[in-house]
Amino acid sequence: MAEPLLRLEGVHTHIGHYHILHGVDLTVPEGELTMLLGRNGAGKTTTLRTIMNLWKASQGRITFGGNDITQTPTYELAKSGMAYVPEDMGVFHLLSVRENMELAARSGPIDPDRLEWVVGLFPALKKFWTKEAGTLSGGQKQMLSIARALIEPRKLMLVDEPTKGLAPAIINELVGAFQQLKETHTTVLLVEQNFNFAQALGDSVAVMDDGVVVHTGAMADLAADEALQTRLLGLSLDSHQ
Amino acid sequence: MSSAENTAAAAAGEPGLAQRLGERRGAALALALGALVFIIGMIVPLFGARWVNDVIAVIAAGFAVHGALSLYDVQQRAPQWYLLSLVVVTGFLAIAYHSGLSPTDAGGLAFSLGDALSSGAGSWTQMTINGLAMGLLIFIMASGMTLTFGLMGVLNLGHSAFITIGAYVLMTFLVSDWGRGLSGAESVVANVGLLALVVLVALVIAGVVGLLFERLIVKPVYDNHLKQILVTVGGGIIITQLIIAISGPNEVQLNQPATLSGSFIVGPVVVETFRLVAVAVGAAIFWGMLRVINRTKVGILIRAGVQSTEMVEAMGYRIKMLFIAVFMAGSALAAVGGVFWGLYDTLIHPEIGGLRLFQIIIVIIIGGLGSITGCFFGALLLGLLSNYVGFVAPEVAEFSSIALMVAVLMWRPQGLIPVIRM
Amino acid sequence: MFDTILSGDYPKSKVLNTVLLAIFFGLALGPFLFDGAVAFSTITNICIFIVLVASYDILLGYTHIVSLAHTMFYGIGAYAVAIAMNSMGPSWGSMFVGVIGGVLVAAVIALLVGLLSLRVKALFFALVTLAVAVGFGILISKFYAITGGEQGLGFRPPRELGPGFKLFEERWYGFNALGWLWNLVTDPGNLGENTKQAVFDVRMSGRIVLYYVIFLTTVGLFLLMLRMMNSPFGRVLKAVRENEFRAEALGYRTVMFRTINVVIAGAIAALAGAMAAMSDPWVTPDSYLSLGVMVNILLMCVIGGMGTLYGAMVGATIFILAETYLKDFMEVAYDLTAGFFNALPEWLSWLSFIHELISPDRWYFWMGLLFVLSVYFFPAGVVGQFRAKELESQIADSEEGASRTEPA
């Protein structure tokens, strides 16, 4: 097996007095969509934020494309091709949709072909192109947030619970968009609570509990094994069905 | 800008005046009652003391103007324009009324419409120019403070020390032999050239001091507001004391550059040249800042950073650099404000910046912490109001700004144009 | 017994105990330990500022409310006494009218300010109070018919508190202990002569009466504040400081608690102002209402240690001693280095600004520097520093202690 794009080895994270991650081991293979599942408070968001170095790992090692990035500052990670879609979407409310996209296109003016493709994924954005992002609906903000991450070719996308609080119709639209994204073989690490969504998109899967990864494998295997689902995801699975 | 569009759009497809009068009874009543009392006051000044009549006229005029503005919902649509029009129009009515009153031989008071219109209009124009000049100068000084607050959440109470830096750079140039020569020459080129040089030097010095200030004083205490207040106060003391150690503790009286000083007369109005210069410079700086903030990538980054510095960082921008740049720019703007305030006041002393801190704070509170446009309107309001009040009742002129702040806070606790959720 | 007097809130450090006891006895026996007018006004000021800074500490330290209008309340107390004494004559009655009037006015204004601006965040409160305080100063200067304007307002204190009054006819003696100790070390042979020299006369005038009135008021108010901060009220304040949302969720009306706190602090500051006016019956805007005084209070509070009340004692003592005596040291240093700086060649003459910095007029520069450094390196102030030392031996408790004294 080839060296994975992203690898976490024994990562611990503290936030203030709280010890959140207790030695996370995780690999994200290149060109695949890896699902990170787990119940609330299992440490999924903390894992993403630790990868982005928004919270510092107190112990352990993170490598990206073979380089140690444990201490690399956030902006350098972004420059090296990581895009982050946070749980709260991180949309800049005072900026127009266009300005949000321009900011995301670090390397200069937006590439028109790329833009056409992104807007093709989320047609709503075209309509609100000059509107302030603060006036968008929750689903539209989520689309804008993902579109920002896609506006340039990225090596790795970290997406945190894109379906949170969205209506089923919009979730379906997101599934479609991610399926098109998968065709481009972009590497994605996606945190989810919605098992149906995860099932539809994931190539491989990792499940977290109490700050450690308790299961890794192919998404299809987990989807087929209901006993395993119940054991690993228990409550969170019930709450989504 | 968006407010102007709103008003235009509103005017297009909305009910006419008659319908509005019918629908908004309260506003119509305020307008009618205020106008009635005001007119009665004009025909028969009822009270013996002049100031009582003045106070009643101001209240009545304010009521009427408020009523007229309420007919068009101005206060909801654009609070900044509402307040500005309220102050300017009420100011005009109050000054005209005050000018129209005169004591009669019998010991009473008489009102003359002719006096009110001719001398009142002249005084109002003059006070408006003075108010704009003062307001715009305060805007220059305040803009940096509101900007650093908006982006970095840093309330720099040492900001006034940078104003003092600007004033002392000005003083150093103007009292030097060749500076005095250039300043005294009846040549626009020499005068403006000298000022441009002063501004440039002030920008550089304040920028460098700002860099040191940010790195040494503010940086260790980001996201700790209590410590920020404490250390910036301490930093301000250190800078001011250093200035005194270098330039001495004494007051220095300056002369304005020859072609920018003096005054000219237009009809009944005496216009001081320098006030026009101040208005022009202030307006130009405001225009420039808006352009930078709205049109450039740095501006987009600043507006984005006001909301979330973390996300800006996660998009690959080094927020630290942006912080340093904005802090330096804010400090430099304060120094430019100090240069022009020094020219305006002409008396340079170590507390020149500290004494302005009071007005600066009122302005940025009124405007909404972090908002450049709000700061601009707040400064205009403060300048105009204190000049209008100063004309009618000089004793309470300085206190009027406090009253303005309290009123705005009760009406809109977040300021006219809120940016930051506090 | 100490438990009752100190409300169970001990200084919690042996060194600190010693320092505080030294301050206490120094002030209690002050007029009999230190000779001269300068020393007398210094100990009086220390008493007054202990009250003023402690009343500020219950805002800044216990609730993290940054008020920049504390001088306004201090000034209200002073002006109320001055105006009452001036208009009603130098009697005890007018003094009480002034004191009570000042406290009431201060409390009402504090209530208004609190209600107006405590709903919003700390920074906003700082700004609003600063603007209100400056506006109040302007108002005082403008209404010179009542307040004397920039010139200030003078008055005569009641006869029993003035220098003309004799409490006891016979002479009392003081003992200059510091001078005696100094001579004991430098010149141990002359013990008898030195001891004789160290004894000085103390005139038992109304000034002494006034000093002890101020001293006892200080002790009383300080213990009262200590009691308050260790009562259930004080504990709610701390809860609000640590986590406003949680306190709110527990059912405490946080705005109400903070407003009450602002009112109490304002009223006590007004008392401090009244004491200050009595000790120096010439009230000016500059010495009561200027921003400089406000900054000094901040300095004392932070250097001493926020949120401990004992910090106010230490901070006020250090600062006022420095204000009075640091200048003397700087004067000496300035004169000593004058030769060096005058001898500098022409091309280095710009260096003379360094010399300017050690001129006694620039003592404030060093205070500013000390202030910034203490915020960085000793955020818990002198008191916190001593306590932290003490706690090092009790490792088990150390984590909790650090998080308590460290302002978040």
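Here the chain labels run A, B and C in written order, and each chain numbers its own residues starting at 1.
Please note the rule applied: a residue touches a chain if its C-beta (ideal position, glycine included) is under 8 Å from a C-beta of that chain, and two chains touch if they have at least 3 such contacts.
Since the structure is predicted, the reported quantities are computational estimates derived from the model, not experimental observations.
Averaging Cα coordinates per chain and for the whole protein, the chain whose average falls nearest the overall one is B. Compared with chain A, the chain whose C-alpha mean position is the greatest distance off is C. With each centre defined as the average position of its C-alpha atoms, the distance from chain B to chain C rounds to 36 Å. Between the Cα centres of chain A and chain C there is a gap of 56 Å. Each chain gets one centre point, the mean of its Cα atoms, and the points for chain A and chain B are 47 Å apart. In chain A, no residue touches at least two other chains. Listing the residues of chain B that touch chain C in their complex gives 155, 157, 217, 220-221, 224-227, 229-231, 233-238, 241-242, 244-246, 249, 354, 357-358, 361-362, 364-365, 369, 395-396, 398-399, 401-402, 405-406, 409-410, 413-414, 422.
By the touch criterion stated above, chain A contacts chain B in their complex at residues 52, 54, 73-75, 78-79, 84, 86, 90, 92-95, 99, 102-104, 106, 148. Of all the residues in chain C, the ones that touch chain B in their complex are 60, 64, 66, 116-117, 119-124, 126-128, 130-132, 134-135, 138-139, 142, 291, 295, 298, 302, 353-354, 356-357, 359, 361-362, 364-365, 367-369, 371-372, 375-376, 379, 407-408.
Of all residues in chain B, those touching chain A in their complex are 297, 300-301, 303-304, 306-308, 310-319, 419.
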